[in-house]
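Both of the next two complexes hold chain A, though its partner changes from chain B to chain C.
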Partner chain A sequence: MILSDLLGVPVTDPAGAPLGRVADARFVLDGPLDGQLAAARLFGLLVSPHTGSSFLGYERRTMRAPYPIAVVLRWRHRGIFLLRWEDVERVDRDGVHARPGWTRYDATID
Partner chain B sequence: MTDEGERLPRPEYRGRVLDAALHLLDRQVQDVHGEPVQTADDLEIGDVPVGESLEGAERPRILAILNGTALSTRVVGGRPPSSTLERIPWRHVADVGTAIRLTIEADDVDATWRERWVRDHIIRRIPGGRHDPE
Partner chain C sequence: MKGLFAVALGVLTAIGGFLDIGDLVTSSVVGSRFGLSLAWVVVVGVVGICLFAQMSGRVAAASGRATFEIIRERLGPRAGAANLIASFLINLMTLTAEVGGIALSLQLASSVAPGAWIPVAAFGVWLVIWRVKYDLMENVTGMLGLALVVFAVAVFLLHPDWSSLATQALTSPVPAGESAGTYWYYAVALFGSAMTPYEVFFFSSGAVEEKWTLKDLAQSRLNVLVGFPLGGLLTLALAACAALVLMPQNVEVTSLSQVLLPIAQAGGKLAVAFAIVGFVAATFGAALETGLSTGYTLAQFFGWSWGKFRRPTRAARFHLTIMIGLVIAMGVLATGVDPVQVTEYSVVFSAIALPLTYLPILIVANDPEYMGEHVNGRITNVVGMVYLVIILVAAIAAIPLMIATGAGA
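Moving on, here comes the complex of A and B:
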């Protein structure tokens, strides 16, 4: 699969209600060694309820300048959350579907 | 499930975190000597069975960095044909910073074959084309 197939697609909860769109995909270097680095495994999807566009780095907790841009982007991505891959039931042509009992996680990073 | 406005739980990360669009896409890819090779236009990730339950499936991993015509399709939509994308396997990545650094030389990367072909078959035949400008 190509990552572009996931970015921007709609995400729904188990009842089919819309949750937002995939704004980014979060990988963690926690797999077995693959060359010099650990394998980068998909940890989850950043789901933004109002836009599928990029957060441009303002998902970093410390990123607060320039202030006007930070304010606009945080407003556009208000309610953004991390949907862990293990909470994804399936991916199909309609988008990504969360499994029953899924949890909304904090999407910010340090 | 937590409602919006409440403080959401933070997941535990057991390794370095890389957000694809933030840390990888559009970054310059450099060879082992720091020479620019290409940009990271897209990523090839492990197979995700479309329409099937992911129960018990392994988390997909990044298999390769892709370079090709992905930028135009990202703007106008659609999907670039896989045959037009050059791939650099993830095992050749040494580090990810402001650029993505490889463990191999540019000449060993398939993505540079056009550049090498033009150099070897055209530029070298031009008088003075075999040495640096003086």
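Moving on, here comes the complex of A and C:
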């Protein structure tokens, strides 16, 4: 699987109700050493209820300017949340399916 | 002393390198049809390009990344690719116009038909990109481009009625015989010729080529903030020359030779010789910049190794892209299309494509992850947002205006 298979695809909860679209993927660098850096591990997907477009970095709390752009993007991505990769049951042609008992995490990072 | 020399050199090449075929043609066309009533657009465009170049230079120096690396990282693969295709095609169109402009300029000097000069021009551009060191290439074309100062001299030699010129520039009337539609169409064209996307690809990639660090930012800011406005004054001088000589006789500029007419009237053969040297330098310099930009955009997007600071064998795909770009430009020109017309369209399409590169740079210039403490200040952001609106309006209005006015006919 490559990242393009995930970005923009619809996400549904275990009952099949739509949750939004994958706006971004979040990785952590905690794998075994790969050259200079630790290998990246897919931590979770950012799911945005109203759009599958990119948040352009404004999911970070430090990204506040220019103010009008930040306001527009935060509004477009209102309700965005982090779906941890272990909460993903499967990915198929219909999109990403969350596992029963999944948790909605805050998508903001500091 | 050496420091002073470097400062002067930077500023002078920024002035000489400011003009390209788009500025030469558009400002003369506008001057001959609208007088100085669109002078305000040059001011808006120059402030805009100062802002944009200064931001992208700072992003390049702080993050080590050039424009299309940023676009690829920030917009993601799909939106980034759409952006790449549009920017790449418009850059190719500008390259075609510049190569055609070299041929037209050499024709003025030699009376050999431009068709014969086109392959020579393209080969010359390729050879310089392949062989000549980056700073030498920049300095020589920039310094020779200063010959265009002859247009500013010509304005004085033509003994204009300064108060009527000033009235035209300050009250911005739509001249009799022109519609509001054509006025605004040429406003967009003039704006596009001042704020051309390739200038920013080139500027930010050049910062990486010359290995700028944050220490070099003061020099770059000076080059931009002094050099570009003075280059903008030359654009105004071109428009003023056309307004003084061509407009009263109802001459419509459709060829590069007509741009020379006011110079011939004001200063005779010597002045014309200076102007032709300036034309060749301006178009050749811009052809180098757009030629390199075809390579920069594609290589940065796909993550190929790029840059003149690498030997060509170490950046093979980068150089191959440039060669293919030049071959395409030659092919388009070989169909017999008029380079002046290609230029007129290219400046309008530049205005259309501008938001695609402006917005990502504006956003990343605010990102502390990339910029650390060198993020945009509050004033830069206010001006930046005002320009975002101007750029969006110009881009959205361009196509309807083009259709409604029959491309300014």
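Remarks
Going forward, the second predicted complex is superposed on the first by the 110 of 110 C-alpha atoms of A that agree within 3 Å, B and C clash if a C-alpha of one lies under 4 Å from a C-alpha of the other, contacts with A are read in each partner's own complex, and residues count from 1 in each chain.
Here is the rule we use: a contact is a pair of C-beta atoms (placed from the backbone, for glycine too) under 8 Å apart; a residue touches a chain by one contact, two chains touch by 3 or more.
All figures in this text were calculated on a predicted structure; none of them were measured in a lab.
With chain A as the common reference for superposition, the partners chain B and chain C occupy clashing space.
Look at A:I69: by the touch rule set out above, it reaches chain C but stays clear of chain B.
Looking at the shared chain after the overlay, A:L7 reaches both chain B and chain C. In the superposition on chain A, contact of A:G57 is made with both chain B and chain C.
By the touch criterion defined above, A:R90 lies against chain B but remains apart from chain C after alignment on the C-alpha atoms of chain A.
When the shared chain is aligned, no partner comes close enough to touch A:A15: not chain B, not chain C.
When both complexes are aligned on chain A by C-alpha atoms, chain A residues 3-4, 7, 54, 57 touch chain B in the first and chain C in the second. Across the interface of their complex, chain C is touched by residues 3-4, 7-8, 53-54, 56-57, 60, 62-69 of chain A. Those residues of chain A whose C-beta lies close enough to touch chain B in the complex are 1-7, 23-31, 34-44, 46, 49, 54-55, 57, 59, 78-79, 81-82, 84-86, 88-93, 99, 102-107, 109. Residues 74-79, 362-364, 366-369, 375-376, 378, 381, 384-385, 388 of chain C touch chain A in their complex. Contact residues on chain B toward chain A in their complex (touch as defined above): 1-2, 4, 7-11, 13-22, 25, 42-48, 50-55, 59-62, 66, 70, 73-74, 79, 82, 85, 89-96, 103.
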